[in-house]
Amino acid sequence: GPRPTPSRLTQVRLSLGYIPNIQFAPLYVAVERGYFAEAGIEVEFDYSFETDAVALVGADELQFAVVSGEQVLLARAQGLPVVYVAAWYQKYPVSVIAKSEQGITTPSDLRGKTIGLPGLYGANYIGLRALLHAGGLSESDVTLDSIGYTQVAALAAGRDQAVSVYTANEPLQLRAQGYDLTELRVADFVQLASNGLITNETTAAGNPDLVRGMVAALLHGLSDTIADPQAAYQISLGYVETLAQADTAVQKQVLATSIDLWKADRLGESNPAAWENMQTVLLDVGLLTQPLDLSKAFTNEFIP
Amino acid sequence: MDWKLPLRGKPPRTSRRSLHWTAFASLAAALLGWWLVSRFAGLPAFILPAPEQVAVRFWKALTDGSLLVHTAATLTEVLLGLLAGTIAAVTLGYAIAKSRLFEQLVSPYLVATQAIPIVAIAPLLVIWFGPGIFSKVLICALIVFFPVLVNTVVGVRAVPRPFHDLMHSLRATRGQIIRMLEVPAALPVLLGGLRVGATLSVIGAVVGELVGSDHGLGFLVNVGRGQYDTALVFVAVFTLIALALALYGLVSFLERKLLIWQEAFER
Amino acid sequence: MTDPILIVHDISITFPDRNGSLDALDTVSFTVLPREFVCVLGPSGSGKSTLLRILAGLLEPTSGSFSFAGGRPKIGMVFQQSNLMPWRTALENITLPLELQGVQADEAHARSQELIDLVGLQGFESSWPRDLSGGMAQRVAIARALIHDPDILLLDEPFGSLDALTREHMWTELSHIWQRRQKTVLMVTHSIGESLILADRVLVLTQRPGKIKLDLEVDLPRPRADEMRYTAHFGELARRLKEAIG
Amino acid sequence: MDWKLPLRGKPPRTSRRSLHWTAFASLAAALLGWWLVSRFAGLPAFILPAPEQVAVRFWKALTDGSLLVHTAATLTEVLLGLLAGTIAAVTLGYAIAKSRLFEQLVSPYLVATQAIPIVAIAPLLVIWFGPGIFSKVLICALIVFFPVLVNTVVGVRAVPRPFHDLMHSLRATRGQIIRMLEVPAALPVLLGGLRVGATLSVIGAVVGELVGSDHGLGFLVNVGRGQYDTALVFVAVFTLIALALALYGLVSFLERKLLIWQEAFER
Amino acid sequence: MTDPILIVHDISITFPDRNGSLDALDTVSFTVLPREFVCVLGPSGSGKSTLLRILAGLLEPTSGSFSFAGGRPKIGMVFQQSNLMPWRTALENITLPLELQGVQADEAHARSQELIDLVGLQGFESSWPRDLSGGMAQRVAIARALIHDPDILLLDEPFGSLDALTREHMWTELSHIWQRRQKTVLMVTHSIGESLILADRVLVLTQRPGKIKLDLEVDLPRPRADEMRYTAHFGELARRLKEAIG
């Protein structure tokens, strides 16, 4: 865990929305190499749910969280003053996978299929809808099967013909088990605002140095990880206690795939088009009823 | 120096009417407290919506029919789960109360079913039994099962021996002993278990819906949370509470009807 | 001579106890003739209730056996504690044996009316047991033991907490029932007078473990009345009983 | 024609030893069934791992110390939650049993707390009480609370009036009546509630951990699921079951010790 | 003349009943002198137990009042049903009143030994109530009522299910305790003989609602014995009581 540090450091609780995982390697690298400390920050990770994290940041109970792009718009639509200050993922990390024998190779092949997903909310749903849209399909052209986080079992058991999953996890796990899969990556068809660092308007306006410091440390860790995945993996072993027990080959692949989703010319930069696309999808799906002022939803001003 | 004993008679009767007033007053106080907090605590609406916002959202959900549809879905699951869980629990509980051997054989498994976090096995249930109503009813029944079972065992075991002697001296059949002795004697404790079971059953159905479903009040909670529509979450949660209170009230009503012979229910 | 209706042969019973075991009855043997009225006397704890419980099939003797002639008899039992079911009204407690026999509710009510008069509980039909006085509860239990016209009555101190007047009234009624309906009666009592007024025979048990110490024929003429107490023969029988118990 | 009554004595004693054997046999049968299914049903290991795979995973988690650490974390939460929930439930339950007015005032709120799906309020609890052990203990206590409360009420209300009369005639104080009459008289039913509460408490802690935590067996379940390490999920779930069984066994032990005066516990 | 220790003034009580209400006691007035032994007789359901329960502070009279001289007395009560606590052994039931007074366990044990001898329950100290015979349970209840040296004894048919021998033994012992320890005793009984052997005065209640029908001074010389039954004066008193009850 984080080393004891002098008390002059600003304490920050950063909510990650998921359990400790190799996919958070850039943060562990940033802590381990003192990038947060350099920015005058002592960071503590919090693993509560994504939507809870957004609400907490919106209420200024927390100052930072890492969440998916659509959450920012959904939250702002309800008046939560959250701002997206650094894009971590450049590519939307959702895929639809199917067993190869289904012959699903393009989005339009999904017509008439039963597709499993956790529920009609969250990244799995948004990614799927974007993919359907890319294939010229609407929700009524397929059967959606809300099954909670059991997509892999549902696919393996043949319950669903395709399932919506995270690009950097399930496909790798299933292939490691010997399954022959086809995979449709959402990012290959449409660019959507993905996971990144959010804060609230109060913090962005009142404490820009803190935000800048957080962003800098995150991006520094990110670039280190991209440059030397092996070292990042070694560092993560000290932070994710369960990593040592997991299948190393698979976990290294998870990291490699994640890096593929992270890479960018300028790390951290938000692409306005990705936000426009996201808003279009949300309006299309009906989760948004009217367009938002996107310029308030994200900013690149804290990017070094 | 004369002295009078402090007397212990029946406690003074509180009239039904005055009870209703106190319940009403305490409800009003809670509402007022909520309104004051939402108004002056400076919490944003997506953390704590004001009562009137929730009321508006409620009206909207009611008039567009969605609330009724989802409530009906949840209620169906709850009632079926409650029924199935209670029947299974009373049957098994009776067998356990009557046989030490049977208890030793099955009770570890029964306790085990209670200790498995439902969220962890819900996927399995969904895979085995499909994502339809059945898996929710099953989860609901599983949750209802245990308190009813335990209270059945406790109640049946506590039936005083002299009553058994009486029934046996009159050559009562097993069925008559159950119907005319064990059921009425165990009823107070059994109904206590049902009280717990009835409220838990609502949770059971909701847990099933939260894990994966596209209908029911649990689904509405998910929708509200996903859209940061906290007022909708409140509407769904209040409807759930109303369901639980209604079921609880039903059990209390049964108690009053069936246990008039108990002194406590005379008042 | 008629054949006995009940033969009790060498019954002993031992209860497990915290500190070892407790012998409650020791090789008790006797026979009862049809329509005989037998009283059982004995010091407290001598096993009288235990004996009735064994005969009612509620306890298994450790050794020995007993048998009824003519198959399993219908039993009417009054327990030492009145054990009314608290969830049944007085009337419903009385009609319980009929319900168990599947008698129709209206017939059961009709038959109960007679017994309610007999035990003097008019007006208390719908009272809960908790609202009855001790003696009233006992009378409900007596009515319950009689209502289903049993072949044999096993009565454990049935008149224990009745006032003198009610008790004498119940004596007379029990004698009538016994004579009219050809019952066999086995009754535990702690009153020598009561046993001599009612019984054909009196068995006296010894101190724990209960053994039969005296089996006394009561050859007083019937019908008997309280006045008989002051006859010489009554006095002689009473003296012998007292001696056996003491 | 002679005829002997069917006798109703005490049921034959089943020796402790034979009970242990039957329990052992039924466990072995369950294991064998599992092994056969995992072997012949053709399910992949991440859906149903074989017993030996789970055993290996168990050994690994045990030797690297992680299982012990997480079990200790969960156990701490469970015990604190059970303690807090029981104390609150017994206290409030006693007050409710003693006062109709109080019951009418608070019981709707108590039922309401039971009907709210914990997952829906967990974030609020985290906001109010921080993300540490306290919020898990609180969830655990909330779940334990209701069955213990209801059984306290049922048990205390059922104390026979004659005993109260006796205590009052002897001028017993309120405290003495509680300690020497109401506690022992209500104990059988109360312990029944505690049985349910003890098993539920494990669920309570796990729900809290599942919602957001970085330690405890619920966290291990999350990790196993996230890494498709189903054997680890099984290890965690079995450890949870063992915890629940241990707590249940503790309550059963208490029952045997405290209720020897009840006939049923003599055997 | 000494001042009365207990003054009962016009006590009436009405119970709510399913069909209306039930008058159990009707303007009952009497006084009791210190160290007086008063028996209460009356038909079943006449309100005897209710009267004792009112005096013990367990029930509130609908009208009327009563008062004890010298402050709240320590009460020793035997209930009509023995109501032993099933989770306490015989011994623990007996020592309950001492525990309530905070007497040390070893002193309580020492004091209980005397009473266990008195009621003849040696060897049953650690038995559970369910394993005691009816008479044994009643004797435990009697011991419990005596152990804490109460100022006034309220006894509701304490000797109801005792055999003749034990009962006479208990009479003697109760008389001794009463004389030695200067107790006031109010005892419900249904035995005229018992009341005449024990009491200074006998109150007779009428049928429901209970009113005082007779307040009889028992001027038989003490110590009294069972033989006295056959004296003329005893017969005369018994006749008057019987007449009043009947």
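Each chain gets a letter, A, B, C, D and E, in the order it is written, and its residues are counted from 1.
One rule holds for everything that comes next: a contact is a pair of C-beta atoms (placed from the backbone, for glycine too) under 8 Å apart; a residue touches a chain by one contact, two chains touch by 3 or more.
Computed from a predicted model, the values in this text were never measured in an experiment.
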Any chance you could name the chains that touch subunit C and subunit D both?
B, E
Going by the stated contact rule, which chains contact subunit A and subunit D alike?
B
Mean-CA-position distance for subunit E and subunit A (Å)
84
Let me have the rounded angstrom distance from the C-alpha centre of subunit B over to the C-alpha centre of subunit C, please.
48
Subunit B and subunit D, separation of their C-alpha mean positions in angstrom
17
Among the residues of subunit B, pick out those that touch two or more other chains and give their numbers.
8, 47, 127, 161, 168, 225, 262-263
What residues in subunit A touch two or more of the other chains?
55, 59, 149, 153, 157
Hunt down the residues of subunit E that sit against at least two other chains at once, touch-wise.
56-58, 72, 81, 130
Residues of subunit C touching subunit E in the complex
15, 17-19, 41-45, 48-50, 80-81, 126-127, 131, 133-136, 139, 156-157, 160-167, 190-192, 242, 245-246
Help me check something: in the complex, which residues belonging to subunit A touch subunit D?
18-21, 45-49, 52, 55-56, 59, 61, 149, 152-153, 156-157, 169-170, 173, 177, 241-242, 244-247, 250-251
Complex contact set, residues of subunit D against subunit A:
44-47, 60-61, 64, 66, 122-123, 126-127, 131, 211-214, 219-220, 222-223, 225-229, 232
Name, in rising order, each residue of subunit E that touches subunit D in their complex.
53, 56-58, 72, 74-75, 77, 79, 81, 83, 85-88, 96-97, 99-100, 128, 130, 148, 154
For subunit D, which residues count as touching subunit B in their complex?
8, 11, 14, 19, 22-23, 26-27, 30, 47, 100-101, 104-105, 107-109, 111-112, 114-120, 127, 146-147, 150-151, 153-154, 157-158, 161, 168, 188-189, 191-193, 195-196, 199-200, 202-203, 206-207, 210, 218, 221, 225, 233, 237, 240-241, 243-245, 248, 262-264, 267
